[in-house]
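Multiple structures are listed underneath, in structure tokens.
You will see subunit A twice below: alongside subunit B first, and alongside subunit C after that.
Up next, the complex of A and B:
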């Protein structure tokens, strides 16, 4: 029982980690929290659905195509809509992101109406039985994909020149600009990566859940909860926060009350912000006068 | 700070005359409406209050708090529960619902007062709204769960309270009262302190203005106004459902605040009037509401960040309230 819950929690948590990470990538480089990110996740899921079910593309190329499309969308969004309101207060940026999210959601609903769509199973693997533990193909697929991706990402950041440059932009955009880095292009890049990673989250959950245009909202909150728990702005914290949140949901749902699964994320947000606002790995915010 | 010309004494007199002229003309409105347009007119009055409460917190106080939908739901449920379960006359539930809304405002501000600001405040208030919606769904014995709460039948002075004309006069009275009170509050020393907190909280505190109290009171007043609107809404639709207080309501409120102009009482009224009726016609086409509000918000942010109120201010100083920035 405990092992089964842990496996379920891990595979959910990996998705949350991915979404929290993609939010953090954008936040760290541009200081914008994308309140429309849930709908980017939804858009990724729908794009892969269109490609797989309607266009008949195989799942893997469909996933890659959907991520490329979302990368482009992220870049265009940053250039066309975020830049004009940059430099203003947070409220304009937050509202712009929310507005973009609603536009995506509106488009999805215009095309699909109020239907709920099942995505065909991608990974037709016989479940593996280990004692009482049932390991499904989906769980292996989700956990494996995210782990590989995380290794590549953190490896890139830590070991390559590109990674060093990105970290420089994270630490001080102005300083990075002074030493000749093209910060605007990095921002475009971050938005693109953020959108593509978020979309991947949607692509990965699509086969194990039902698709509907409102699916993004709950993932946005889960992503926030993971970020808050791990420490806002910390890449590693976002990943760990996501995994912990996934586990917490499963345990709370099984041992306390199944209705609690939906609100674990909200409770985590409220509790962390009141008790330890900097999260597990974040730095304490200091108001500079 | 803006270089807007302030209104002269004569213009200020004209303005206060105009303020009462608008509702006076509106008293005649039921003569010109059919039942459907009357229903929409009532909805517009509710939107005015919701937008007003919202713009106070995000425009005047400059806090990124999205708890507005929660205040609205709290007000509506408080009114429905008090009326249906405890038999309180609906008219009396309006201020009570406002009080519950203010309590919600107190809770939301307690986050802001713990130093949770900016994005954190946005996230925690979003979570607050969703937690409330979860509570409506799961506290079935009190809230009716997914079935919602029907409002009991009531009569007032021999007329049924389901009569839209009677509702219109009550809604109009409540709206005018709360708009006037808010205008006065924002014109007072307190209102200036609110805007000072928005511009620079640390500098405001250094002037011995109790910033914590200013934030607390603004949130509570916002909660009160929106809570009252919730009570009106409960009577307006006659049945309170959890779905009414979800994300679509939030984006609609954003659009109304922005189109009218952040931090402007006049703008709140304008935005609500313009944007309440339109979605009624879009509702038949799935997805159009989201698309419409999304595009409006994005368009206004890029093209006219201070909304319609900023255009009117340029036309005549009559429309100048106080202390605007010309960019959000």
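Up next, the complex of A and C:
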């Protein structure tokens, strides 16, 4: 059972990792916590649904198109709604994110009501039985896709000039601006990437779950928990936090009580904030006076 | 003696407006040619699909009216929207009672709203037939003016457990449910029935709303290998649970679901017959929705609401409307609220021809429907069942 739980936990954890990573990408560059991000995840899932089910596009091109559309939405969201209120109090930014999320949710509700929609299975391979261990197509596809994406993303950050520029902006936006980098455009890019990565989380979970307009709410909490566990602002920490959260949910549900699955994320948030507020890879906040 | 006579006269004078008011109250909302009935339901909002139940009920009123009404009186529905929200429901009830002064109330989807309305309506005293919401606490403890016209959660929960145990050699039963009142309203009576029959659930699991994965629960079930699983889960989680059961090679274990799901939609959501072939649900009707016994009711709804799209909810309130009309017929032309409530308490084994179980209201028990049929796939076809392997 341990192996099966680990596989299930990894599969779920990869989704959480993607969502935490997308939250972190935006947070690192703009210091904005996108409280509407769950609805970006939902929107990505619904876009892929529209393309696959209603427009008859194959899953992979549909996923790419949905991510591109969400990238554009993220950029427009930053330019149209975040940038104009950027100088104001932080609560304004948070409320703007929440409002945008609710608008997306409202649109989904207007179109689909509270209907729960099925996405056709796309990882339709026969499960592989290794003794008691069942390796399912969706687990292989989710883990594989996210791993490949993470390798590309972290490789890009570590080994290319673009990655070094991104890290420079992360470390000091003012310094980056002084050496001629267009930080505003970089922020647009971060919002776009954040929205697209979040959307990918929704796209991957859609075929193994079901779609409904409130889908994003629980993923937002999982994303926050993973982000907290990994350390605010740490890209690698967000990924590790997501995977650990996925595993923790499965182990707690199976070995302790299935009721714990739902509250694991909240327990993680509380425990980390008490024991190690900076998370696994975050830096301790130092205030110079 | 003179003093006593004076006191008696004074009492008679002072009491006469009260008596007159009582008479007026008894026939409020009633004219020579109309009986006004307040119909509350979620006609807007997220739960508006439940209002199909009330559309079906009002279509039945229209049918009765087209046939001449009841003792020459037309049944006039006064609609009020609750939006499945307790505050709005309370405002709607107060409006219907105090402003519209309807003769009686019938309807109400959304148990939460109906439970919240109970104190107000009980105090007002006018007859209220609950025609869709299932929570037991709407009609239990007994209130003189509140009648439940659909199987309550308790009736459904027991029906679920009865069906489970009707499968030969079933001794190992597991339960998976949400941790909310809705799920408990099914699982607790089911658990009680199992215990009465000497069966203690071997495994009790929780799957919360919004969960997109049931691996941990399914793996525990795989270890336990139950004969039957009772699942008090909403539609989305039911589909996810059934998918995961099949994924981990446990698709052959039968699963008993609530009235909150139905076979066709569950099949649509899972997109795979093998996943739902052993799924059974509470089904309160005598036939499949597209079966010959339900066809006339669907035709009736379409006669008066041609654009109405039928769903499983469309038929659920018609049975109690039939029982109401039967009681109104029994009272005769001299109708009062008290006479109607007395007549409702005389309804016995009333076969509605649409609900799988009859309606019986007595002075001691106003929860009229005590059981429910079950639907499941037999030879690939949705089939209404009385018990395991026994078609209705």
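The definition used in the following text is that the second predicted complex is superposed on the first by the 287 of 289 C-alpha atoms of A that agree within 3 Å, B and C clash if a C-alpha of one lies under 4 Å from a C-alpha of the other, contacts with A are read in each partner's own complex, and residues count from 1 in each chain.
Operating definition for what follows: a contact is a pair of C-beta atoms (placed from the backbone, for glycine too) under 8 Å apart; a residue touches a chain by one contact, two chains touch by 3 or more.
Because the structure is a prediction, the values reported are computed rather than measured.
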Practice task
Considering only the touch criterion stated at the top, classify A:113 as touching first (subunit B), second (subunit C), both, or neither.
Solution key: both
Practice task
Pick one for A:136: touches subunit B only (first), subunit C only (second), both, or neither.
Solution key: second
Practice task
Have a look and say if subunit B or subunit C is in touch with more residues of subunit A.
Solution key: B
Practice task
Identify the partner contact of A:270: answer first if only subunit B is touched, second if only subunit C is, both if each is, neither if none is.
Solution key: first
Handout entry: Touching partner for A:217 - first (subunit B), second (subunit C), both, neither
Key = both
Problem - Contacts of A:90 with subunit B and subunit C, given as first, second, both or neither - result: first
Handout entry: Which of subunit B and subunit C A:262 touches, first, second, both or neither
Key = both
Exercise for the section: Applying the touch criterion given at the start, work out whether A:209 contacts subunit B, subunit C, both or neither, answering first, second, both or neither. Expected result: second
Practice task
May I ask you to decide whether A:12 touches subunit B, subunit C, both, or neither, giving the answer as first, second, both or neither?
Solution key: second
Practice task
Considering only the touch criterion stated at the top, classify A:100 as touching first (subunit B), second (subunit C), both, or neither.
Solution key: first
Handout entry: Doubly contacted residues of subunit A, that is, touched by subunit B and again by subunit C
Key = 109, 113-114, 214, 217, 259, 262
Exercise for the section: Using the touch definition up top, name the residues of subunit B that touch subunit A in the complex. Expected result: 58, 62, 64, 111, 114-116, 118-120, 122-124, 126-128, 130-131, 134, 138, 202, 247, 251, 254, 258, 262, 285-298, 301-302, 305, 327-328
Fill in the blank from the handout: Within their complex, subunit C touches subunit A through residues 46-49, 176, 179, 205-208, 210-213, 215-217, 219-220, 223, 235-236, 239-240, 243, 247-249, 268-272
Completion exercise
In the complex, subunit A touches subunit B at residues 33, 35, 81, 84-85, 88-92, 94-96, 98-103, 105-111, 113-114, 213-214, 217, 221, 224-225, 228, 232, 259, 262-263, 265-267, 269-270, 273-274, 277, 285, 287, 289
Problem - subunit C-touching residues of subunit A, taken from the complex the two chains share - result: 1, 4-5, 8-9, 11-12, 109, 113-114, 116-118, 120-121, 127, 129, 134, 136, 205, 208-210, 212, 214-215, 217-218, 249-250, 252-254, 257-259, 261-262
